[in-house]
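In what follows, structures are represented as structure tokens.
Below, chain A partners chain B and then partners chain C, in two separate complexes.
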Partner chain A sequence: MFVEVEICLGTTCFVLGASALQELQLPEKLRRQTKISYVRCLNVCKNADKFSKAPYARIDGEIVAEISAEKLAQILEQKIKGEKNEAN
Partner chain B sequence: MFIDIACAQLKKHQQNACGDYFLSQRIPEAGRLLAVLSDGLGSGIKASILAKMTATMLLRSLEKDIEIQKAAEILLHSLPVCKVRGISYATFSVIDCDEDGQVSIVEEGNPDFLLIRSGKHRPVEYQEIVSAARPERKLKTYQFQAELGDRLIFCSDGVTQAGMGDNPAYPRGFGKDGLLDKLAECLSAEQSLPSSALAKIIAQNAADIEPRGLPKDDISACVVYFRNPREALLFTGPPYAQEKDTYYAIIFDEFAGKKAICGGTTANIISRELDRPVSTLPEPPSGSLPPISAMSGVDLITEGILTLTRALEYLEKDKLAEKDAAGHLVDFILQTDILRIMLGAKVNQAHYDPALPIEIEIRRNIVKKIAAVLTAKYFKKVEIQYI
Partner chain C sequence: MRQIELQRLKREILVYLIKAFYSGNFAENVRLIPYDMRPKGSPVPFRCCIHKERAILRLRTMSGLGLAIEDDNERAELSTYAAQALARTRNAENPLTVLQSACQGCAESFIHVTDLCQNCVAKSCINSCKFGAIKTVRGRAAIDNAKCKKCRMCIKACPYQAIVKTIVPCENACPTGAIAKDSNGLACIDTKKCISCGRCVVACPFGAIHNKSQIIDVLKKIREGKKVIALLAPAMLGQMPCTAGQLHSALKKSGFALVYEVAQGAEITARTEAQDLAERLQSGAAFMTTSCCSAYNELVKKHLPEMRPFVSHTKTPLYYTAEIVRREQPEAVNVFISPCLSKFAEAQQNSNIDHVLTFEEIGALFVALNIEPEELPEENFAHYSAREARGFPLSGGVAKSVQAAWTGDPAAVKPALLNGLNKTTLNELRAYARQGQCPAGNLLEVMCCEGGCAHGPAVLNAERSAAAQIEKYALAAESLRQ
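Presenting the complex of A and B:
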């Protein structure tokens, strides 16, 4: 199973940090189970009241605000660990 | 008809300034185009000043519909006199034409312009007017009707005299015949060559036949080309009234020329309304701009504000060979004569978060600035529709 990550490269997200995520280097163990794609715009920032702050990503269909390389790695680790636990 | 005009210039070897000056102006409401090519006496800064004054004064006079003969007389009395030679002089060619093909040309001292029609040189009749103040100076005036596909070639004597005395292949210089041969060669290879490309070829060719490729005089080649206009449409920003999304998406889709979208949300709206998927291209990240996307029936899709802002910078600073998304946008824009812009007025509040960099401007302002630079510097016609 892959964790699907979509990173928003819309204007707001791009200037608030998503530009740095274009060259994201995940640790090998996470990379193998993650599928990262970049999208033009997730259309989230205009509803910032609801979703907190840019940059945004969608991870397995769920919007995550203020995404960064560290935060993404953390979420992925939890998700992958969780899947393993479920499998056991 | 659209009038495609361009001028290419090369400085005399070891000079800091070009002693030829080219100036052109469109008057969109009259579909009229004015241009002046002037060659100042001598070379360097002195020649440059004479040529600039001549071109500017003549263009301003034409703009105000002052009779050309009168404008030339005023000019003869106004130019600063050269200390060494005791004369003041700058030759000129003045072009006044419109989109219906009415052409009026006045020449003084520059090589005769060339009319190329259906690939062949056609001589044009002229009248001679002698200056009242300086009888040695004669104005040649031409009036004729241009046809679709016609090209007018103007140049300074740096082109026609290139190679003179130095190049055995051109003992009397490149001359009119050399120029006509080169034009025939270029136009038979590519009939619809843009004026900018042809002007560059002529100027470079003149420089190449000089010893070691170093021009002995300032070189200017100006090309005017009457052709069908190329139109393109740029859609940027979501429409103000959301219920009109479908309507505008259909108008966009039905446009016959080339099409571009600048804006992630805008692209998503059109994709939704036309039920056509849009995909982000797997390009290597450029770092400073979001990547381009693709959708069938659309020639280019980029992010909005950042890309437009960067494209404006490229256009202002003549950076025309950049490879990022803004570079692609500049390419797209410069390949067209008439750019129609559908400018969505809806504002994304998130763009005005004080946490964002200050260079994020209101879309409307950037687009207006792009329109201004395209009109003034690149001689494009731009029409903005606010939606």
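Presenting the complex of A and C:
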């Protein structure tokens, strides 16, 4: 099973940090179970002050705000560990 | 890797500022920026408490308004500053400003013996010190800072690599020694020495150094209905996830009447520089350096006058482009869109350039106005730029374009690259000037930013992805070579 990560490269996310996520280096054991893609605007930022929570990502269909390399690694670790526990 | 958190913070402020500008209640909404960014009860990510967070955001907002943070009168509200920014008619003289409340006042650089010291028998550190500054204290080598001259001999001598030199990031990054601590231990820029390369802006882990933005001045002129023209640095074509034609449309949508590629001027720079080199080599000169990096031009002026005879007389791509735009559109306001902070200094000396905006400011403008370049139609530029001109902003790109414009024997040009100015490469430049020759070649391309302008201090995109995008755009065009 792969964890599906879609990183938003719409203008707001790109300018507020997603540009650097293009060169993301995940630890090997996370990378093997993760499928990262870069997508067009996920349309979360457009209302009111929501731009200030960019960059956004969609992880297994769920929107996550203020994504960073550190936060992504944390989420992936939890998800992958969770899957293993379920399998046992 | 750039300091993403800090970039994000500075850009977020710019977005708020631009939104405030279009809100109809500019001054009041600017006053509220620190409160909007850190509302009551919000987490305090960086400082000791929400009040200090807001106080520092207030000062960062000043730089977004184009003001010198050093001039802050603590009693003044941001609304007063907003009104000031809106009323001014002249650009600030020096592009950089230091936020001393954010400056951590890092410990002054010193030599330090770490826990790795094994209290060995050899005592190489003590034996290597010419100043008698090292003694054994409580089973470990200790340095007497009053006697230490920071010669680093002990660092080299220690077999355990147990001795380190601590650094002050801004001072360490500055190639010219222009930033140093004042009497309070806080960073302060000596504008007489500063070449505006922006190294300190990128290096400071507390984000204490800012550039004074001209975004409000430009937005004001757009709103007044003036014909505001964007002069697009070639590095910008690698900065957004969209095509050149879409970027063109996006700039038009954000209020620019026309967009010129500075690559147009780069073609003239390449041809002129090739001719200049030919004449110099004919008259027996050993080498010539390029002259399109404005931080390098400032460097030669302020710190390296002995290099002047070897610097090409050719003007920068921006110079030629601005000249063309002024001729074709004499009544327009010319705004250079820049990856670089020293271009503020260049613009200050050239009446054909009215303002400079950084890529970060353009990015913030797109965010504030909800512009998605990727969803816009393609619009071609009036001038079709050449391959080498598009490749100018990458390290080696200028040398390549001079070679392409070269009309003589191709083997006569031997390009050499100075990719990134620092204290070491500055010494190399000194040596070339002193000896009157450059062993690596006869055409020395100097780019103060490592990787070229595409990796300047005010860019948006990550280095590799920017370079790949620029290369792709360049390859799509015809060569300059006839």
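Assume the second predicted complex is superposed on the first by the 82 of 88 C-alpha atoms of A that agree within 3 Å, B and C clash if a C-alpha of one lies under 4 Å from a C-alpha of the other, contacts with A are read in each partner's own complex, and residues count from 1 in each chain.
One rule holds in what follows: a residue touches a chain if its C-beta (ideal position, glycine included) is under 8 Å from a C-beta of that chain, and two chains touch if they have at least 3 such contacts.
None of the values given here were measured: they were computed from a predicted structure.
Of the two partner chains, chain B is the only one that A:V39 touches; chain C does not reach it. Of the two partner chains, chain B and chain C are each touched by A:E23. Look at A:V15: by the touch rule set out above, it reaches both chain B and chain C. Of the two partner chains placed by superposition, only chain C is touched by A:S52; chain B is not.
With both structures placed on the common chain, the touch criterion links A:E62 to neither chain B nor chain C.
Common to the chain B and chain C interfaces on chain A are residues 9-12, 14-16, 19, 22-23, 38, 40-41, 46. On the side of chain B, the complex with chain A involves touching residues 264-265, 267-268, 278, 280, 285, 287-288, 290-291, 293, 301, 303-306, 348-351, 353, 355-357, 360.
By the touch criterion given at the top, residues 9-12, 14-17, 19-20, 22-23, 38, 40-41, 46, 49, 51-52, 68 of chain A touch chain C in their complex. Interface residues of chain C, counted against chain A in their complex, comprise 1-2, 4, 7-8, 11-12, 15, 36-37, 240-241, 360, 363-364, 366-367, 370-375, 460-465. Residues 9-12, 14-16, 19, 22-23, 37-41, 43, 45-46, 48, 54 of chain A are the ones that touch chain B when the two sit in their complex.
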